[in-house]
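We just call them A, B, C, D and E in the order they show up, numbering each chain from 1.
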Amino acid sequence: MNVIEARHLWKEYGDNVVLENVSLAVKAGEFITVVGTSGCGKTTFLKLLLGVETATRGDLLLDGKPLPDEPNADRGIVFQRYSVFPHLNVLENVMLGAELAASPFWGRTFGKRRRAIREQAVAMLESVGLGTALLKYPSELSGGMQQRLALAQALIKKPRILLLDEPFGALDPGIRADMHQLILSIWRQTGLTIFMITHDLKEGFYLGTRLWVFDKRRHDPQAPNRFGATITYDIPLGHTDRTTLHTIQQSLGANHD
Amino acid sequence: EAKDSFKIAWSIYAGWMPWDYADSSGIMKKWADKYGISVDIVQINDYVESINQYTAGGFDGCVMTNMDALTIPAAGGVDSTALIVGDFSNGNDGVVLKGKDKKLADIKGQKVNLVELSVSHYLLARGLEKSGLSEKDITVVNTSDADMVATFSSSDVTSAVTWNPLLSEIAALPDTSKVFDSSEIPGEIIDLMVVNSDTLKDNPKLGKALVGAWYEIMGLMKQGDATALTAMAKASGTDLAGYKAQLDATKMFYTPADAVAFTDSAELPKTMQLVSQFSFDHGLLGSGAKDAGTVGMAFSGDNITGDKANVKLRFDSTYMKMAADSSL
Amino acid sequence: MKRLINQRPSRAAQVLLGILPFALLLLAYLWASELRLAANPNDKLLPAFSSIGEAIWSMAFEADKRSGNYLLWVDTLASLQRLGLGVLLSALMGLVIGVANGAVPLFRAGLSPLVMALSLIPPMAILPVLFIVFGLGEVSKVALITIGIAPFLIRDMQQRVLELPEEQLIKAQTLGASSWQLILRVILPQVLPRLLDAVRLSLGSAWLFLIAAEAIAATEGLGYRIFLVRRYLSMDVILPYVLWITLLAFLTDYLLRVLTRRSFPWYYNGGKP
Amino acid sequence: MKRLINQRPSRAAQVLLGILPFALLLLAYLWASELRLAANPNDKLLPAFSSIGEAIWSMAFEADKRSGNYLLWVDTLASLQRLGLGVLLSALMGLVIGVANGAVPLFRAGLSPLVMALSLIPPMAILPVLFIVFGLGEVSKVALITIGIAPFLIRDMQQRVLELPEEQLIKAQTLGASSWQLILRVILPQVLPRLLDAVRLSLGSAWLFLIAAEAIAATEGLGYRIFLVRRYLSMDVILPYVLWITLLAFLTDYLLRVLTRRSFPWYYNGGKP
Amino acid sequence: MNVIEARHLWKEYGDNVVLENVSLAVKAGEFITVVGTSGCGKTTFLKLLLGVETATRGDLLLDGKPLPDEPNADRGIVFQRYSVFPHLNVLENVMLGAELAASPFWGRTFGKRRRAIREQAVAMLESVGLGTALLKYPSELSGGMQQRLALAQALIKKPRILLLDEPFGALDPGIRADMHQLILSIWRQTGLTIFMITHDLKEGFYLGTRLWVFDKRRHDPQAPNRFGATITYDIPLGHTDRTTLHTIQQSLGANHD
């Protein structure tokens, strides 16, 4: 059965058509990478999946039922920036999810319960390589460490779907490579369904089991917002030849400036 | 030094409204022209500010009470002369308590709202003295005169000391009693036109013009001239009846002879002694003052009280005499 | 020669330059005071330093003849109490209403226009109304301060909440936070240092309102004393009182700054969004 | 049910919710006023709307018997003139001194501590001193406004100049700019919209100082009138005057905002550094 | 003769040694690319060349004479961000340099003089491909267009040396390639001496005639600031084998996190 299914999905902001007639079906455990020119609607699509925005037309289903209309613990998210809480240290950031569940009013735990949550969080942090920075604040971390932290924070809630919006866009190339290993090992261990937006086509090819290209099928030079983007390429990875890659690269380059 | 244009400050009060009329009716200009000078009459909202301005040298003359004349310009070293003794308060200042049929003695233990260190304060002190109490028996709350009426209706105000027209507004409120007023200490709260002594000495014309204009208006008021009185009533924010009621509580010296008699009386030095004792007790004569006589005062007949080397306040009936003798 | 904008004074020169205008002002005062006192030894407008010194001494270290109090300290205590209470109350209101407005769109729709309108009313203009409603006691003074600065604090807090990156709020929801938990654990702790910043900004106005209220009705307080002795032009008391208030204003500002820095280390490590 | 923080009212609901508290306040007033007037028909504290209407009419459209003026307009004109002058002067000082302080380290070292100290003095405390120094004319009112807000504007401008990215200043120098050219063509135009922002922020204080000054010495002006009729507890005049001042405050704020937006299109396109 | 020469240059901020004993000589017309780990002192070196900072020890010479101690029109600069003036439109940004020279007091020109400057600026803008955006404000431009503008602005003063501090760091890959072509063609036409800092080693290899790697020769794990960076590799490009590239890549990667 499909975890996520979209049928003729449209998203418009007033006159601005962002997404146009998007249909898709995703099975559990897929790792989907999404590329597309800037402003074409990738983040908007992720927001639909989160429940932060609602589609103007069409259906979006989770396990065959309409998707909840607000974010919940089913779907974890890591943004390019601002995903961690600056006022909590590394450990507190990761403990937060569990604490909220354990203490509905105060959102804080004490004593034995807290120790249990803490242990769990430390284990998670060690697995993403942050075991030695438990008491640092996010602002004391490098960009790569912050994104590891955001991942750990999202994973501790054991979401069924993980959404990543250019999570490595702001990182140096060397650190990026490390993060790729990390995300792949997490994906393999947990069997999560992952949606990841990236600007880097190579990254998309390298990481995903399936690559989507968001683009407009039709263009109206007079009214650029009249038509929306949809999935123009849906490529099961490992089966692709170089020509496709090249064609896509061309289509991305053509829209620049 | 001799000069020919002068600035006089005044603020709204029943006994000082003639200055407004002097200005608006042209009487002041008439008299100034007669002596070849020009006199600018300026209304100042804030009474204390007008005296401060005078003390700092911004004005050549200013209206004020006898106590303020002693404690502000005179204590500040500005040699000042009471050119015109216009009136004394004869019920225009009073103490009001909440509740029916109260006596002044009931004030014991209360918080009293008044403009601290003003003639209200002095009135209260005199009243307390007369009923065998002292300031220790009450708590003085300094309250801006502008808010006296407004705040009297709030529950935590139980007593107030103030002057007209505020006094009549408060006393008219239901369930209040006026327990003491200035008619019980007649002649102690005196309203003056004070001018800088040096300026007056160098410019006798100024004294003549001011006194001339003043007593021309006094004449009108004595006759009950409706135009003049109505204009004054309007300017003080009330109607003719209201203004007359205020005048009833004011002992105006309508004729220069009356004023001269009051100024030259033996009572005045005694009154001023009471005032300077009060001022000294409240620290109004400055931190350097050794006793109540720090600031010397000169009365008619070369009668000097206090420090003879530091005479700063002079009660001088010379110019009023000229008016009495019709020699202006 | 370097360009003017590239010329940086050394540390020592910087200190000297900073002191210079103060020294000049002082000299100007001394000169003017001497001049006036030569003309009139009793002049109260620009008292000599010796008389100011005496006045300070007698206000601070000699019991007042009438009340037996050490006036400067009594005044200071009274004023600081009022100021503290007013500011505390305003800060609380700012925190509660501001955060509610910022976080909950329904509250914001209802309250934000009202707060906006209230913030535009000059509190000085409604002083008489205040005295009638709250009486002449301490309440009205605290109320004036509160009415004066609470709308600003509320609006500022609301703004700060709205400035929090949307990403954080979404993330918290994906961690399972309820609205209340989100406010308590994500929003509140992050706006606290900003509240302290806003309080520091509004302290200047708080002092103004305090002095205005004390000028109208009081039995002690720094503003009360200044407006009382104004009655007999005692600049020897007014000037040190003004300097003292300025010093107090500086100290409260400084203490608040240190407090923020100590309590919210994350805020000063570039934790601002 | 969505979480409370995710529930957004529709446009119509938003408007309704915004009006609600105003309507409630109005009703509460009407009710209390009726109650008091029933007990004492001459009550001045909460006048009926009809008496307020009459008062407005007579202030705005009937010539005052004594002076022959239409008081509301005379007051408004006088106050706006003072306000305008004071704010203009302060803005100029803010621009000149603030930019000089921000751009030239030597100026900054000399003047910045002085401005800091001045900004801490509560202007209300030196009100008596001001009147003595500047007299009771228009100058003292404008001076109070200027002393009240200029230090803030100067410090804000200085801060804004220091916030300009160093890269810009270096770049301008590599284009051959002298210090003066850099100030004139790079710094000044960029801080102008920020100056207008700061002026908007300080307008609230400017109104306060205006009212405080007019209360003590004036012959016309909005603050003067409120202070004058306050003696007689004429709430039927005070309330509309307060509302009128609030409206004026809103309008000046609005006009300044529009002016900034029109004059500096680049500033609102995300041109902030 | 050498345009730029450095002899035993040191730069310290208090205890923090940033640059240590840097010596180098650069001939006119060289295109030098600079790489190095984050925080190693590349920007500091550029600031020394600009005259914004002064060396604590050693000599830095321009044409054999001590370098002027503040920026001037000899040395143009393009930073990663904030290099253009947000309150001036594209045309005004480029005209500024010439206007400042023409009008010492107002920094503005009118009439004929202005038209001449304008023409020159338009020509320059056309050559960098901004001929159609003359009246736009920088905030209305894409990142790539902003950097072109910054280049045009710097070039109109005909500097002898052009300093570029990660000028393309914030750009998308496609746009980057365009900018590479632009900078190379400018360099070829003008014979400028160019120093360009980059994070992207490949970019460095591709563009420069000479590549410098800034790194610390010695490390003290207890006091990381005790030793400063210097030029550890100085590679004339075109003569390099793959092994060097690999070695460098390793050394850069090793310092991450």
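FYI, a contact is a pair of C-beta atoms (placed from the backbone, for glycine too) under 8 Å apart; a residue touches a chain by one contact, two chains touch by 3 or more.
Quick caveat: nothing in here was measured; it's all calculated off a predicted structure.
Student: Strictly by the touch rule at the top, which chains does chain B share as contacts with chain E?
Tutor: C, D
Student: To the nearest 5 degrees, please report the angle of the rotation taking chain C's Cα atoms onto chain D.
Tutor: Answer in degrees: 180, to the nearest 5.
Student: Among the chains, which is located farthest from chain E on the basis of C-alpha centroids?
Tutor: Chain centre farthest from chain E's centre: B.
Student: Per the contact rule at the top, check every chain pair and give me the one with the most C-beta pairs in contact.
Tutor: After counting contacts between each pair of chains, the winner is C-D.
Student: Just give me the whole-number Å value for how far the CA centre of chain C lies from that of chain D.
Tutor: From the centre of chain C to the centre of chain D is 18 Å.
Student: Go ahead and note the Å separation of the Cα centroids belonging to chain A and chain D.
Tutor: 47
Student: Taking the mean of the CA coordinates per chain, how far is chain A from chain B in Å?
Tutor: Distance between chain centres: 83 Å.
Student: Can you check how far apart chain B and chain C are, centre to centre, with Cα atoms defining each centre and the answer in Å?
Tutor: 39
Student: Which residues of chain E are in contact with two or more other chains?
Tutor: Only 70 qualify.
Student: Residues of chain C that touch two or more other chains: which are they?
Tutor: In chain C, the residues touching two or more other chains are 3, 6, 45, 128, 132, 173, 178, 215, 227, 230, 233.
Student: Scan chain B for residues touching two or more other chains and write them down.
Tutor: 52, 56, 146-147, 150, 153
Student: Flag every residue of chain C that touches chain B in the complex, lowest number first.
Tutor: Residues of chain C touching chain B: 40-45, 51, 54-55, 58, 65-66, 127-128, 131-137, 215-219, 224, 227-228, 230-234, 236.
Student: In the complex, go through chain C and note every residue touching chain D.
Tutor: 3-9, 13-14, 17-22, 45, 103-106, 109-114, 117, 119-126, 128-129, 132, 152, 169, 173, 178-179, 182-183, 204-205, 207-208, 211-212, 215, 222-223, 226-227, 230, 233, 235, 238-239, 241-242, 245-246, 249-250, 253
Student: Would you tell me which residues of chain B are touching chain C in their complex?
Tutor: Per the touch definition, chain B meets chain C at residues 48, 52, 55-56, 71-72, 75-78, 111, 113, 116-118, 135, 139-144, 146-147, 150-151, 153-157, 281-284, 286-288, 310, 312.
Student: Which stretch or stretches of chain D touch chain A in the complex?
Tutor: For chain D paired with chain A, touching residues are 2-3, 6.
Student: Which bits of chain E are touching chain D when the two form their complex?
Tutor: 50, 52, 70-73, 75-77, 79, 81-87, 89, 96-97, 99-101, 104-108, 137-140, 150, 153-154, 157, 159
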